[in-house]
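Next come two complexes built around subunit A: one with subunit B, the other with subunit C.
Showing the complex of A and B:
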């Protein structure tokens, strides 16, 4: 008598007999599509193609978001019109606490409180709080997701995964890790959820931990590119080394298996306008709905901490530790505080400090890297709690603390040895 | 249900008018989404699930898919197959049929199969399986009208019947 369900062999046996009667494979022609597909996965041609694709991606990101929209239009709009207008009509004026919170906190120059002349320095909810998301980040997010949707729909990502497979194997990950990593470059949240197709808990743990520490989100990249374009190469290099290096170490010490995952490489397809537009719209509106309130809230909190003196107190308390361990001034606490809520805001706050000229280039570099790695934003943190079990979550936090201390200290040390710190 | 990257989310969006992410790589959908579609004058709930290779889940995304199947015992299952990889798609479809679900099989990416010179005898496949089989091209919407009209025709099929239709008595030897 036949047992139901069938055994695996019985099922395949049956399928074999069904397909023999119904499916017929004709001669395959080698098409142009196949030729392109091969060119992009064979290392000799695939690596140059990958470099070209990523370079194109980056150039578009910089030119479209940075040069065209932010520098060409938004900076002027905010600094030359919005800020002066608010400074002239908002009640209170310089020195008034409410005015400081909403419009311009000003800064001390030669013992005198002077007004700010740009929307990063002013640090008001209505000025910096709007400039960061709408002046800078929105355009970065748009540019990123437009290019990303194209890569997704063409089917290039799995090819990139095949190319980097060997390298990622060395750190206990699989080529598939390229998908969550790339998604995380837009926003860490979808990056973390995209780890679900990974097979073992170990792989997921490694991926989530590395993502939340070493992968900056699109919002953050956008504002970093705006503030310190000349340092971007070094920043990315430092993050990539950290990602691979700590991945390697974590893979050695975390128990569990990291088996091969077999991923299908889909055929190349012509992307459809409708789908691109719809994805762009969903992702951008999600950014506006989720991120903007956090930016405004963060702005308010940081402003209040300055007004009440809490920030100065923290800067004094943590100053010597920050200076001796990481080589950055105590003032860095304010962007670090803002970064708990939003990384883009944090970099914006750092930009305000840079305007005051209290940091050396290397300190700026160290601070930007620290801002990337010290803590995932609150939203990502909450998601990690949901996606990992308690043990893994504590493990992620412990690794995070260890990585920040070790890597941050190491960067400082390298700086000292090179004589730039 | 279906393997990763066969177009389940495109089906879902077309049938419900919802906006679930569609991308050209496996693993785009990692959670389920519920939506409503019209079926013969009434609204019917449709669930989009992550891709799964079999009903023995190997990862969290597959777990979600299998759990959704188990929680909805009285549903009709649309099995989306990649028409260029019919055999392995059938594996999952047979598993679902064996568990007693009424199934409609969609042979998606029919255009790609044609490009690759793969010919499938739909009528014969339908006769053997005893369930509706519809060739579809999800991104352009071809075959969807037929697919929807056949959802109501789906009835549970006994696996013995399929084995008999496939002309196999070989199973007697295998199953002892």
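Showing the complex of A and C:
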């Protein structure tokens, strides 16, 4: 049979004929579920509900990952049992290079090298390298993906997308962009992958660039919550302002189109336990497979850089620039280097500096924000290379460098003006 | 829903809305200052001060939702507002209870909390949302009624 392509009018006629044969038309009584569904997409009623849902999301995250598992059990397990046991049985002892790499580099107190008393400061492959992914990050990621899967399966996420549609249009994206953004809050890798359904190259470029700069992953959030809980609100506010502000600027200067999209908003449904468990398993196991090797490698490289004196050299070379432009001490070089491998690990290094009293609160705040925005982790970097063409990739890197320099400098300037920097 | 149920719903959710608004306003004032603990009522945000202003906003919104549902309460879209108000209270109260559960399991010196320590974790004072929780459950009756009718 000869296939002749249909014209637009013929297609619409065909759709009419099919729908007349298959669809029953008539009055339909609104149910309570329909009424709730409508209220949750209208801004006046939907925004307060969104605030309540996000409050629930965040509270669960903090208490599950922070209070119950990390502070409740993991800190004790690693600091009171695992670290002292390794310190007592591992050959070499304090000052031995191999021991420093694997167990505890120690730190100087009053001119004397002393052993660390917690796994964040010890910075060994077997101590910090295990504590960061299994003591902190695993529980944060588990809590995040559990809540994410619940919202997804209940049918709330598409409604959140409708609610933020107007705001995201201002930065050249549409409501659907909330899905990659949310996913990236768990791990940037699925976030970048989830940009594929965006219609144009411009939208994908904008989304990938904004994700890799302004969206911290679950691992990073978990460890930030553990180290600087009192600064979390300010850190997130700074990142949201950056996300929207730089998104607006990028939308103006990047050529291309940002078309409208018709989104399917499904009805609310009762989530199925089987689906939730399988999503949780797939996402968490994939995350661990990617994260653990990078954290271990990160510990090893940072440890080697300390041992060979490379870190001190870099701190001296870059110290004056970091201090004058961003207002952070030269010691921040080591977390920034570690951050290229894993951001969570980098915040852990920062934790060690904080406990030694090297930085002021504002410097801690600036350093954590800088760590979030300065560069995507190696795994995200590799995925960006895969998802973008060379031109876009170089564009992303150039935008990223510009954003870090401008925004980091701006934060410092605000601090100076407020008299806190 | 019959007339008596509608009338009861109107009065009940008007009162509950007013109480939720009052609690929300108190939490908002508390979040601007040091917070306060009054008998068994806690608006200090001691556990996490970052959450206190958000709790206040949610409670105020729940109060408005209840109050705006009162007129023509039997109409499905109006009832939906009361249901949303209750859902918002369930989220905040549920998280306050979850926070206590999470804090009550690990011990201070031992792996797990002692029985006394565990029970002491659930002692008052409580945040306003926890007090509103049982009263907000009345909406379940109306949801079931609506399900029966639908």
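Heads up, the rule we're going with is that the second predicted complex is superposed on the first by the 416 of 421 C-alpha atoms of A that agree within 3 Å, B and C clash if a C-alpha of one lies under 4 Å from a C-alpha of the other, contacts with A are read in each partner's own complex, and residues count from 1 in each chain.
The criterion applied here is as follows: a residue touches a chain if its C-beta (ideal position, glycine included) is under 8 Å from a C-beta of that chain, and two chains touch if they have at least 3 such contacts.
Remember, it's a predicted structure, so these values are computed and weren't measured experimentally.
Room for both subunit B and subunit C is found when the two structures are superposed via subunit A, with no clash between them. Look at A:314: by the touch rule set out above, it reaches neither subunit B nor subunit C. In the superposition on chain A, contact of A:280 is made with neither subunit B nor subunit C. Shared-chain residue A:410: touches no atom of subunit B or subunit C. When subunit B and subunit C are set side by side, the one touching more residues of subunit A is B. Of the two partner chains, subunit C is the only one touched by A:49; subunit B is not. Judged by the touch definition given at the top, the superposed model places A:304 against neither subunit B nor subunit C.
By the touch criterion defined above, A:115 lies against neither subunit B nor subunit C after alignment on the C-alpha atoms of chain A.
In the superposed model, A:323 makes contact with neither subunit B nor subunit C.
In the superposed model, A:288 makes contact with neither subunit B nor subunit C. Touch criterion met: A:266 reaches subunit B, while subunit C stays clear of it. No C-alpha atom of subunit B lies closer than 11 Å to any C-alpha atom of subunit C in the overlay. Note: residues 29, 31 of subunit A belong to the subunit B contact set and to the subunit C contact set alike, using the contact criterion stated above. In the complex of the two chains, the subunit A residues touching subunit C come out as 29-32, 34-36, 38-40, 45, 48-49, 51-53, 55-56, 58-60, 62-64, 67-68, 71-73, 76, 229-230, 232-233.
For subunit B in complex with subunit A, the touching residues are 3-5, 19, 21-28, 30-31, 50, 58-61, 64, 86-87, 90-91, 94-95, 98-99, 112, 115-122, 124-125, 128-129, 139, 159-160, 162-163, 166-168, 170-172, 174-175. By the touch rule above, subunit C contacts subunit A in their complex via residues 48, 50-51, 54-55, 57-58, 61-62, 64-65, 76-77, 79-81, 83-84, 87-88, 91-92, 94-95, 98-99, 102-103, 105-106, 111, 143, 146-147, 150.
Within the complex formed with subunit B, the residues of subunit A that make contact are 1-7, 9-19, 21-29, 31, 149, 152-155, 157-158, 176, 179, 193-194, 196-199, 204, 263-264, 266-269, 271-272, 275, 278-279, 282.
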